[in-house]
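Chain IDs A, B and C follow the sequence of writing; residue 1 opens each chain.
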Amino acid sequence: MNEPIKADFDIESGSYADAALGFRNHWYPALLSDEIAEDQLVPLVMLGENILFKRIDGKVFAVRDHCLHRGFKFSAKPECYTKNTITCWLHAFTYNFKNGELIAIPSAPNSPLIGQRRLHSYPCEEHNGMVFAFVGDLAPPPPLFDDVPPGFLDKSWTVVGAVNVTCACNWRVAADSGFDPNHVFIHKEDGLMDSLQRSFPLAQRFQGGNPFHSIEERIGPGPKGIVDQLGKAEPIFEFTFECDGEVGHMQSKYPPDEMAMRGFKSIQGSMWLPCALKVEPWPILDMAHYEWYVPIDERNHRYFIAWGKQTDSDESRAAFILEAKTKWRDIGFENFNRTDVIANNACQESIEGVRYGRNQVLCESDGCTMAWRRFASKHNRGVQVRQ
Amino acid sequence: MNEPIKADFDIESGSYADAALGFRNHWYPALLSDEIAEDQLVPLVMLGENILFKRIDGKVFAVRDHCLHRGFKFSAKPECYTKNTITCWLHAFTYNFKNGELIAIPSAPNSPLIGQRRLHSYPCEEHNGMVFAFVGDLAPPPPLFDDVPPGFLDKSWTVVGAVNVTCACNWRVAADSGFDPNHVFIHKEDGLMDSLQRSFPLAQRFQGGNPFHSIEERIGPGPKGIVDQLGKAEPIFEFTFECDGEVGHMQSKYPPDEMAMRGFKSIQGSMWLPCALKVEPWPILDMAHYEWYVPIDERNHRYFIAWGKQTDSDESRAAFILEAKTKWRDIGFENFNRTDVIANNACQESIEGVRYGRNQVLCESDGCTMAWRRFASKHNRGVQVRQ
Amino acid sequence: MNEPIKADFDIESGSYADAALGFRNHWYPALLSDEIAEDQLVPLVMLGENILFKRIDGKVFAVRDHCLHRGFKFSAKPECYTKNTITCWLHAFTYNFKNGELIAIPSAPNSPLIGQRRLHSYPCEEHNGMVFAFVGDLAPPPPLFDDVPPGFLDKSWTVVGAVNVTCACNWRVAADSGFDPNHVFIHKEDGLMDSLQRSFPLAQRFQGGNPFHSIEERIGPGPKGIVDQLGKAEPIFEFTFECDGEVGHMQSKYPPDEMAMRGFKSIQGSMWLPCALKVEPWPILDMAHYEWYVPIDERNHRYFIAWGKQTDSDESRAAFILEAKTKWRDIGFENFNRTDVIANNACQESIEGVRYGRNQVLCESDGCTMAWRRFASKHNRGVQVRQ
């Protein structure tokens, strides 16, 4: 048999297959804003690095969670003698939290190390209820704007981070699946459809079979990503097959009406470096959905969701922020994207011990996945390796 | 000092030392028949492979538990739209369970993959209350008859699988010990002896010291195995040693009477590829005992026991089946072979991180073990490696 | 910037960086005397080796906990038919516990292995309530006297082992920290100071900055070790720094009085091969403190403490032994050195996966650590590797 698609994929797989720890020199969501209060220290692992966050006078800063001297992890027993500093429990090496500079050693007050050595300091920015950190070496870092999906920083919209959950699988499993319009099959019994009385397809079929070569690329300036062709796809609500004389039948829970069909035709998915998906409109017509798959280590990632809506007043803005964190967190995450978490975690075993993608047989309907892997391989700023 | 025996062993160790996952292209017990009901799906690991079993219209079939497309493990969330098929939860790739053929992709109904690609399908056969699966590539597989001990499929006997337990050690530890007539020492306090008021030796001594070169080989046609010389051995019921002026004394719980001695002289042990032991007569004069050590992975195996007896009517046949699963499971397994499980599991630590057998010093009474290792190395159909 | 000190360290790091399992051919504490009663078997792991101890007629002996025949760990189900012997549960191979000699095989009573093969036997000595074992191949071993700190075996003192706890970090983390006069910072809130109403410094400053080149070496005959220059150091009880306009202030709980200062000037720390620290006077003026960091495996060690005092009668001797095991165990260990255990265990993560010391930036006040690493690398009798 011929395998033109898999061959295609193999040629293009490139650095994505090596990026178990994600792509270096990019901005990533680290926390939701309300997960770090003034003066609070929060230790996290991102892309395999131990990072310690602190909010000082309202602004979040981050340094490597590892004292230069003996390697003690500050967060194991943190001491702060001023709001701007972190002191190592072992020998009182004291650093400026805002830039990582070593500023004092009580046992060696005149050491030439003071003022010369510094902890790695991670640039941070905070927008839309989310704290972002830049993991890499570029100084200054590129603008955050280049590393978030279009519209996310748009002032005319209210966008709000509402979900941060840790998932037990590599970030690429989630990224591949999130941008794959055919993973809809796992959602066929989700509560979201009942809540919205919405029909939902079992699959999407593309004109001509494979959308791979016609997927639209955006290579900047600004965010880099790819946009799917879902509007050209045919949603499938019913499917029948035959095997050894028996007939199998799959059917969506709610059959589509004309309005639902128009809705499906208008949805556009897009995938942005380093690891963000945008779906719009979603979960309802006047909203946008953003999600990120942030590498923790080779086997875990953090899953963030933000929702956006155009608002025209401080009141409507405040109301939507509350709605996102309650109603949409319940309907959109607990009764829909939670299923993605379950499905993705169940795939982790299958990728252990093999080069990513190697034991898969992609087909005509995997054009989006193939395009994302190729695009990410080509346009990332570097593959993260264990530091 | 001279070490002729260890040298002998080293020369012959061959592929047995590499077979941490067992031998490929052989039949193995997978389940007891009553562990898989009509329509039931049972996922197992055998020889390091994930395999999914299903009983369809009474007959058991098995396929690789790994969707070709993205590698999802079907058993993590199995969907069956007909009794003959398995559908992947992720994208509804649907396969014929009986032969593994990919028969439908809802999102790509015309994909050339359909009808061309297939899951690995494992031939299955069911006899004597046990389901056997062939793990390998030979098509068609050799007859099951070649891979079970002689007599197991004999219609004039009633043979019934009665025990299936998972043990936390490599299968070779159990195989070496099961066929070793001197491991009897561990059984000296087992309940079986009390139940049967039977004497049981502490050790077996062979004429001339080492039975290695006189062990009988059966190389087919039919099952391949080796037969011990237990009839020529002298069972030892009492043993005394001296150390630094103190005398140590070991004694069997029940001293042997003449009938018991005749019984011991009649017992014959034999070991068959890929991993089965037969002991006859055992545990009493008119019965036969079969056991298998089926590799799960490098550190675990499944231990099966079947017992057989000649029966002359449907009633006596049914009575023996019940007796095996109750009385003999209790006396023969829980009060005897359970001790083997404990002893074998305790040996796992000693084989970690060294080539199998390398840190052992065999002696004159290890002829059976040496012969089995050599025979298995020479006559197996291939060493299993991680697929 | 210049890094003269780190460069120095790198040149000298030598075998210490390879000694994850400690140094071979040295004596180590194995147990406190009251942890092994007459006839009791105690299995331990030391330097990665499985060792089985037994007290026979009052004296402790030790053999490798691994039967030569099949590698069974005796301690998994030990059998002793006489007080002097150990018999393997599997095939009754029987050994003289006092020298490891194989003395009987019931199934092969005439085997040439008998009397020729032996288990590795570990020389043991017992002093001051502690059992020491020699881990290595030298026969005869060097005297225990050469491997304990000076004074430990002095008959005019009463010295008593009082603490044996297992710690979850490599022994070198504990050794480096124990001999480092600047790790005092972790003790600033310990209960010992409250109990003794004692002032305790936050740091120690050395004249000229770095004491590295002036540390005194003792290279034998007798124990080999190095002696710190603490008497020349200036204890620091208060420290102030400034960062971005804010002032940070650290202060000892109890300010020093003149007598305390004289006390500090008299304390001398010294570090002895293979892994022992001596501090004198400590914890009070007329006592001496000894501690050992005994490798278990790459990630764990056993921490022993003994305290000593000059006594002039059997009564005062008995009283001090009781006092050490009650009062000093509580004040000196639970309310002081327990903090070292917490700090050291928290450092284990930082040394995983890198050559020991490689990801550290030592400074002027690390002279003691540097000197110990260099000294140990030069004077040890061999680096232990997995046997």
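To be clear about the criterion, a contact is a pair of C-beta atoms (placed from the backbone, for glycine too) under 8 Å apart; a residue touches a chain by one contact, two chains touch by 3 or more.
The structure displayed is predicted, hence computed values, not measured ones.
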- Rounded to the nearest 5 degrees, what is the angle of the rotation relating the C-alpha atoms of chain B to those of chain C? 120
- Message: Please tell me whether the contact surfaces of chain A and chain C are same or different in residue numbering, using the over-half criterion.
- Response: different
- Task: Express in whole angstrom the distance between the two chain centres, defined as the mean CA positions of chain A and chain C.
- Result: 48
- Message: Please output the residue numbers of chain C that touch at least 2 other chains, ranges allowed.
- Response: none
- Task: Provide the residue numbers of chain A that touch chain B in the complex, in ascending order.
- Result: 1-2, 176-177, 180, 182-183, 185-186, 202-205, 209, 236, 239, 241-244, 246-250, 342-343, 346-347, 349-351, 353, 359-366
- Item | Contact footprint of chain B on chain C as seen in their complex | 66, 68-73, 76-77, 81-85, 87, 89-92, 94, 96, 98, 103-113, 116-117, 386
